[in-house]
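Two complexes follow with chain A in common, the first pairing it with chain B and the second with chain C.
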Partner chain A sequence: MGSSDAPGSEVELAQAIATAVRAVPGVADLSPGRFVEVATYGARARVRGVMVRQTAESLDVEVHVCAQYAGALVLTELAALVRESIRQSVRASGAGTVSQTDVVFDDVRVE
Partner chain B sequence: MTMASSDVQLQTTGPGDGALARPRATELVTPEGRTSISDVVVGKIAGIAAREVDGVHELVGQGMGAAVTGLAQRVTHADGRSAGVHVEVGEREAAVDFRLTVDYGVSIPDLAVAVRGNVMDRLQSMTGLSVKEVNIDIVDLYFAEEDAQRTERRVE
Partner chain C sequence: MALFNRLVIILLALVVLVTASAVLLTTLGVLDPAQLALAGPWFVDRLVPFTQLDATNRSLTLGLCLALIVLALLLLFLEMRPGPRGARQITLKQDALGRVTVTLDEVRQLADREAGQVPGVTSARSHVETEPPGLSIACRVSVDPAGSIPDMTDELRERLKAAVEHHVGLAVTQVSVDAQVPPMATNRRRRRVA
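Showing the complex of A and B:
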């Protein structure tokens, strides 16, 4: 794929990831983290809850998630779903493959 | 893996990713990445699980009681679900302490067994943590009739 690794692409990638993660059933929202703000920063955009670290040979992603409480909630399974959706969205955006995805559950939400 | 003691600090492996250098969250390391569950999540799940048991009236925070707790919650935007719950989380085990009020008339020992069971179940299935101990402190009784009478008198 001919997409360049321009500095701006990290934010776009993070935005795509954020959209994908929010769509996962069981995810209430992304969380900006509990201490230092977790975000990907760009020119006119800031994507809270998603951190993308791109180097020449690897692409690491860290997402902070607020889970939706339900009787059948299993956080490890939810993490696997989140990981899979990130993998797909990164592949769809043509940014290569993700080497590591860290999923952090910061909070749970009950309706 | 060795047995986790009750208060395991996670050694932060790997070259300086600051974001994960936080103390005490349960972590599951897989080849595709880490999954961390923060203590807040464990505490909230425990709190919800306790409340699910019929006969538990409310969980109450430590200290000066509801007024101060309420104020603190308003200031910090916390929801009250983890008030009255204290958790200690290790790598694969957790210990939970509750302060709660129960409805008048229930058998407290039976209720305690039920709370313990439900909390252990929920935490085990949702987070994978095995719960070593659940300490329950019953701090007050709740009388439903008293409340009803009070409202009646005011209506008159």
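Showing the complex of A and C:
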């Protein structure tokens, strides 16, 4: 993955979102999707696990997440943390506000 | 993107199949190039030389055409067969901000993991179904025959229900357990009768 796509592009935004989501406690990693690849594509980069759809009116994000198993794991609470991290990441990158955030748990990892 | 690639390969395979078939039939003398006038004079002109091949080139052409036809049919089969079914998902939450989903397979794995933690369970395999207003879990376990199976299955039911409801946040309406005792290892020997 490079950062050769235009600043403010969907790929740049997806990279920022991917970094933010990976930093959430309880997230083991992003998932590229189970049967169909989920990614944001740019001219020279591809961000797997994050799909950004940006239109003039809205900004929709879909993230596919591998959760880290723990006795205290509650998927809906983890999803709330993921959503919040996405919201903050988008705001910090100056891309406006997120209209819709879909969180898909593709995997629960046990170490 | 994947659909576009698939369409391109299907089209290419069809072109190869039609061309190789036309060349094969022309070489065998079954088809007269003039019969393909509808395909255009350019295509007919390309086929004419195949009516005048010597024995060596004829065999080579037939072999090549057959190989191309087999390859094209193989590609068509691979590209046109239905793809894998998508993972079944259940919605954990849906509000104005978006949707939170989890694959049913992950819920099954959580149930398997919890079942494996119950003392006396040696292996577990669960099946999870959505049954509004909640989830239904069918768990098949192999158990250690030394313990009490009714006690173990009661504990298993309670733990599965509590764990899945805790992790997933949906009500578990039914837990059925099928406990099996693995067959005892036997040490029989066949006696050979003279």
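A few points about this structure:
In this section, the second predicted complex is superposed on the first by the 103 of 111 C-alpha atoms of A that agree within 3 Å, B and C clash if a C-alpha of one lies under 4 Å from a C-alpha of the other, contacts with A are read in each partner's own complex, and residues count from 1 in each chain.
Please note the rule applied: a contact is a pair of C-beta atoms (placed from the backbone, for glycine too) under 8 Å apart; a residue touches a chain by one contact, two chains touch by 3 or more.
Bear in mind the structure is a predicted one, so any value in this text is a computation, not a measurement.
Superposition model on chain A: chain B and chain C are shown in a clashing arrangement. In the superposition on chain A, contact is made by A:V38 with chain B only, not with chain C.
Once chain A of one complex is fitted onto chain A of the other, the partner contacts of A:G96 are absent, as it touches neither chain B nor chain C.
In the superposition on chain A, A:M51 contacts chain B only, with no contact to chain C. The clashing stretch of chain C relative to chain B, chosen from 7-15, 25-33, 43-51 or 151-159, is 151-159 in the chain A superposition. According to the touch criterion, the shared surface of chain A, contacted by chain B in one complex and chain C in the other, consists of residues 34-36, 61, 69, 73-76, 79, 83, 100-108, 110. Of all residues in chain B, those touching chain A in their complex are 17-20, 22, 25, 28, 32-38, 40-41, 44-45, 48, 81, 125-128.
The touching residues of chain A, when paired with chain B in their complex, are 33-36, 38, 51, 60-62, 67, 69, 73-76, 79, 83, 100-108, 110.
The touching residues of chain C, when paired with chain A in their complex, are 1-2, 83-87, 89, 92-93, 97-103, 106, 109-110, 113, 166-169. Interface residues of chain A facing chain C in the complex, by the touch rule stated above, are 34-37, 41, 61, 69, 73-76, 79, 83, 100-108, 110.
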